[in-house]
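Here you go, one structure.
Letters are used for the chains, namely A, B, C and D, taken in the order the chains are written, and counting of residues starts over at 1 for each.
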Amino acid sequence: MATQRFQDDDPNVDGLYADLAAADLQPLWRQEGLLPRTPQRLTPHLWRGKTLRDLAERSGELIGIDRGGDRRVLALAHPDLDGLPFATHTLWGAVQYLAGGELAPAHRHSPAALRFTLQGSGVWTLVNGDALHMAPGDLVLTPSWTWHEHHNPGTEPMLWFDALDLPLVRNLDAVFFEPGGEELSPYQPEKRSRSEHHFTAPGLLPLGAGRAVTVEEPGSDRFSHLLAYRWETVDAALSSLLRSTGHQEAAIRYTDPGTGHDIMPTLRAELHRVLAGHRTASTRRAGSAIYVVFHGSGASVIGGRRFSWNAGDMFVVPSWAAVDHEAEEDADLFRISDEPVLEALGLARTEQTPSQQIPADRA
Amino acid sequence: MATQRFQDDDPNVDGLYADLAAADLQPLWRQEGLLPRTPQRLTPHLWRGKTLRDLAERSGELIGIDRGGDRRVLALAHPDLDGLPFATHTLWGAVQYLAGGELAPAHRHSPAALRFTLQGSGVWTLVNGDALHMAPGDLVLTPSWTWHEHHNPGTEPMLWFDALDLPLVRNLDAVFFEPGGEELSPYQPEKRSRSEHHFTAPGLLPLGAGRAVTVEEPGSDRFSHLLAYRWETVDAALSSLLRSTGHQEAAIRYTDPGTGHDIMPTLRAELHRVLAGHRTASTRRAGSAIYVVFHGSGASVIGGRRFSWNAGDMFVVPSWAAVDHEAEEDADLFRISDEPVLEALGLARTEQTPSQQIPADRA
Amino acid sequence: MATQRFQDDDPNVDGLYADLAAADLQPLWRQEGLLPRTPQRLTPHLWRGKTLRDLAERSGELIGIDRGGDRRVLALAHPDLDGLPFATHTLWGAVQYLAGGELAPAHRHSPAALRFTLQGSGVWTLVNGDALHMAPGDLVLTPSWTWHEHHNPGTEPMLWFDALDLPLVRNLDAVFFEPGGEELSPYQPEKRSRSEHHFTAPGLLPLGAGRAVTVEEPGSDRFSHLLAYRWETVDAALSSLLRSTGHQEAAIRYTDPGTGHDIMPTLRAELHRVLAGHRTASTRRAGSAIYVVFHGSGASVIGGRRFSWNAGDMFVVPSWAAVDHEAEEDADLFRISDEPVLEALGLARTEQTPSQQIPADRA
Amino acid sequence: MATQRFQDDDPNVDGLYADLAAADLQPLWRQEGLLPRTPQRLTPHLWRGKTLRDLAERSGELIGIDRGGDRRVLALAHPDLDGLPFATHTLWGAVQYLAGGELAPAHRHSPAALRFTLQGSGVWTLVNGDALHMAPGDLVLTPSWTWHEHHNPGTEPMLWFDALDLPLVRNLDAVFFEPGGEELSPYQPEKRSRSEHHFTAPGLLPLGAGRAVTVEEPGSDRFSHLLAYRWETVDAALSSLLRSTGHQEAAIRYTDPGTGHDIMPTLRAELHRVLAGHRTASTRRAGSAIYVVFHGSGASVIGGRRFSWNAGDMFVVPSWAAVDHEAEEDADLFRISDEPVLEALGLARTEQTPSQQIPADRA
């Protein structure tokens, strides 16, 4: 900090500070914490799956979602974020609950969203008219500025994890939103969506008909044009990798089959499988992540704190917090992060860290 | 908004909301303003050059910057940003004042910075050891994670405009900072810096010695390796364009001569010249900008409000606010923006807007 | 042509021409055909599948391929190319025949190669140690500078189509070649190769283990790291496209699943399916192609000449010759071309052409 | 080579070979030299500047270039290339001579060309209507498919070096050519061309007016939009580099100021300065080059052979031939190569080689 030439109680200095404030100026030398040595703005945090399911069901009973209404969404609100409904500074995480017979009408927005189905069946998400069936473990995309609506024509409720880049886009002051018309879209329920008809095997790209989804706005071709990634293919890919490598862990990244890029310019999605008894190496990265435990149980050490988890739990790994995972039962961890943003802006950093020792009383 | 099945005073609903809050969850249907139709989070704002100069001088008299100290910086603090020392959600703007004989010691940080000199002479900025002389109108870069320090060996004070991507990088929780050692770096004062020796004419790239600045961290080659852009070359470029096109306005973008990319992945810098009597077309863009009036006088209509300006004034154009400029005297407007960020993330939008009519009483 | 100031029989001019020749110089004004209006250096040409099969079998009977030996390859030698064993100026096409029990030992070369299996079974191609089983319709890659060898441990002979960029690389004078050691590589015959274990579904990329094949030389990451594309996936992809679009034709491009780029920087590979009774639009492109009829029968009009074809036939479409295809029976056409080269060099041109009328006597 | 199961004089084998030939097929096992260990298809070769100047002048006296005529061009015809007027397999090199008062009318072609002026003054080259004045040491571009014509309104003849990618484009069978109309284009002789008005300093890119030259065909934005590189800027850049580095050699690459890419997708152009008494390191590269000695004298060792040179001499460095240069007087070597092609196609290789020893009797 700057050495001041005069006493702190110098009336001239007081007058300067008053005049600065009146002129909408702030002296850097009176700021604390603007430039910390390393990121440290967030602590790790975990939400219990049981709590999420219970509260989602109660909301389903008490809060309607009639035509003209909105989404029934419970947002992970990190307690460090002063009441904002955000999981991290850049990531929105939530559970969404749609009861049998309910409909969530169409809208579109510049923030990009994805859905990872947790339980239930029977929901169809329409993305620019392409009808995507949803089942547990499926990942469904609603990219930036695509029209999307959710239909549950069945009787069973469905619960899924929603992730958006909304906190980031809001901070960029680039949120655009447009509600859809009154009418719901008709659709033909088919097992495979249009986008899945176009991408059926690795490395085979359709000519001519390749772009299943088109958006007339800027950025329209910056997201994956495969809109649904089925659990059975992910499960098989991980099994295949484990067999091929002989390792105790494997991971895949969900990408645009036409480019190999992340599914969205702002969001990375991955599935990490850790076999029972295995503990991963510890790493830390600039940028934040949300993990959703899809299968199994175990514990993660995050920034020196140990968090036990079971299927349905969700937790935040803050920027630059070292993290490792240890599986008690074979575990599948769905992970989203803002790493593509940090990479695009030249801010990515990754570090292997020594294995974190947790004191016995904390373990 | 969702229709509620029960009365607002239903105790079950109250209980639900209490339990949600206790579980760090927030119901989306009680959120207002999360998804506005268009960006609208900031109003335009202008700071007077005279005020900036006066307060910078008073700070110079009252606040020391001894060895071990810090920078003497007055940050533009937009009144819409709740006391944060930021000009927009992504951009830091400030004036920095260094009196004769003063030294601002070395440090480095992941946020990128640039300096546009407003008045004075005699300062040398060292960037990873390359000594850059500064004179009015010069643009000097201190890219992400480069060591930098400022020396004023002369007697005259110098005032410059500082711009950083700090608000963005802070929101990404990717701020890293490292202070330098106690010793100031010695340097050889030469008219042209090392980086300027390597880039002397458009299109001629040095082989072998091409990278004047190297940083050992990730992202190190994502910024311009020309570190100083001299006013005389910018002035000549604009004159040449005006002569060649016959237009009443011209603009150049400062770029990496080795790639044509923006000087930083997070910051765009441009110089816009508008001849006396000319009014530009009106456009709006997703993303925010700060303008610094370097020469001339005139007025800008921003989001329907008219702001008159003179040399030294600085003003913010918020995201999606239509803006045009009208020069009374030939005007040079230095402009920085976060557009490279929006472009990298697929969020850029631009729109030509009808010429804005200002009611006589507001003009 | 230049007007000459003196008579053609002017002895001074004769002397000039003699002196130019002696100095290894040639006057442009005496050159003909260096700059034609459009490409016209090659005519279309077709090789009959029956001929190819018969001669391959006879070669198998008469010409050995013992250990220490070479490949049993019959190269398509376009009659316009003055005895060079090339199908076009840039593309090598050939049939290769490997009898039961035969082995083609390891080598590597900078020209890239691919194999499209026509008939037989039981061959394993090893690419940098990864064992790829081959069956009819499978595409197997041996990218630039990868070690490769072919084993036929069975009793049945196998016939496949070989394509290389050898004429191009030879003209660039960039052919490098290295023979392998005396020993054949042992391998574990498994249904799926290592590279296929790593890429199992569209859009799912493995982390960490993603690069199944590595080459330590320049250019090593410029080719597809999926090395085998199975006929059943290609067949299913085309059926899926036809169902989804309702069209009478469909096509897929074989690409690197990690980038969406062509399988090699120099070679494009596609499979075009045309349903019986359908005739495609006519187009022409800068760059040449070889078609291999895998299934079906029909006819193509190429540069105004009509060529009927059956399964096993191969034909060349020269640069800028308009081409369309009409299927008599459902047809699958495997196509390779040098288009990635023309695109990389800014020389690509494509034109839709009016449907070509063929005089009755030629049809 | 394959072991043959039967005697060479087996009539069945003879019959096979005859039938193969009749079917336009060639057996690989009878080919020699298709896959050499390393590139070896060309020897180094040198043309004397005095010879080139003398023959160009004699051609100027004897061969007219009237309206309707062509270019007066003497092509470097490498003796290894069987009478083709090409310097290497990919590069065309030539001298062009335009006497005072002569005009070379407009045409355009897909092969790209550049001109490096050797002597004389007063010529204007028009590129899509932009008039470029030419003086010794200037580099002037006529990119692919741009209209270009040469005017010499003065009295002095001019001699320049022409380089084209014609051999490459011809081998790709992608030559397109279009003659211009009868009328020559009027132009305003100004010291700086339109393209030079748009690019005046490193790193400053014009907004809006940035693209001085536009071509409506594919590939149109793949070349440099700065069309003239003046000798004085190249000379100053090299001096600046030598001063800054303290080395005895320096080199610049001519690039598109908007991208940093090579001036054309197919051609690399560089200027290498070697100070008197200095000998460079020896390197070899896949791909061929032509050097033009602009200033000075010295010698190069190419593939183990020593070539002495003086201003005006031109020589070919074949693919994979090691080369170093030693200057007797301060030397400026203009160099063009096909390296961008090899890089784009994943075929580039470079190797530092031990200093080449030349036996005394050969030196």
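As a working rule, a contact is a pair of C-beta atoms (placed from the backbone, for glycine too) under 8 Å apart; a residue touches a chain by one contact, two chains touch by 3 or more.
In this text, all values refer to a predicted model and were calculated from it rather than measured experimentally.
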Query - Partner chains that subunit B and subunit D have in common - result: none
Query - Chain centre separation in whole Å, for subunit D relative to subunit C (CA means) - result: 30
Query - Inter-centroid spacing, subunit C versus subunit B (mean Cα positions, whole Å) - result: 53
Report summary line: subunit A to subunit B, mean C-alpha position gap in Å, rounds to 30
Query - Inter-centroid spacing, subunit C versus subunit A (mean Cα positions, whole Å) - result: 44
Requested in this report: Could you tell me which residues belong to subunit B and also touch two or more other chains?
Outcome: none
Requested in this report: Identify every two-chain combination in which the chains touch.
Outcome: A-B, A-C, B-D, C-D
Query - subunit A contact footprint on subunit C (complex, rising order) - result: 192, 194, 197-209, 224, 226, 229, 233-234, 236-237, 240-241, 243-245, 247, 250-260, 263, 270
Query raised in the report: If you look only at subunit C, which of its residues touch subunit D in the complex?
Result: 1-6, 10, 12-13, 16, 19-20, 23-29, 31, 34-39, 41-42, 45, 47-48, 51-52, 55, 58-59, 61-66, 68-79, 85, 88-90, 94, 109-111, 144, 166, 168-178, 217-219, 222-223, 264-266, 286-288, 318-320, 338, 341-342, 344-350
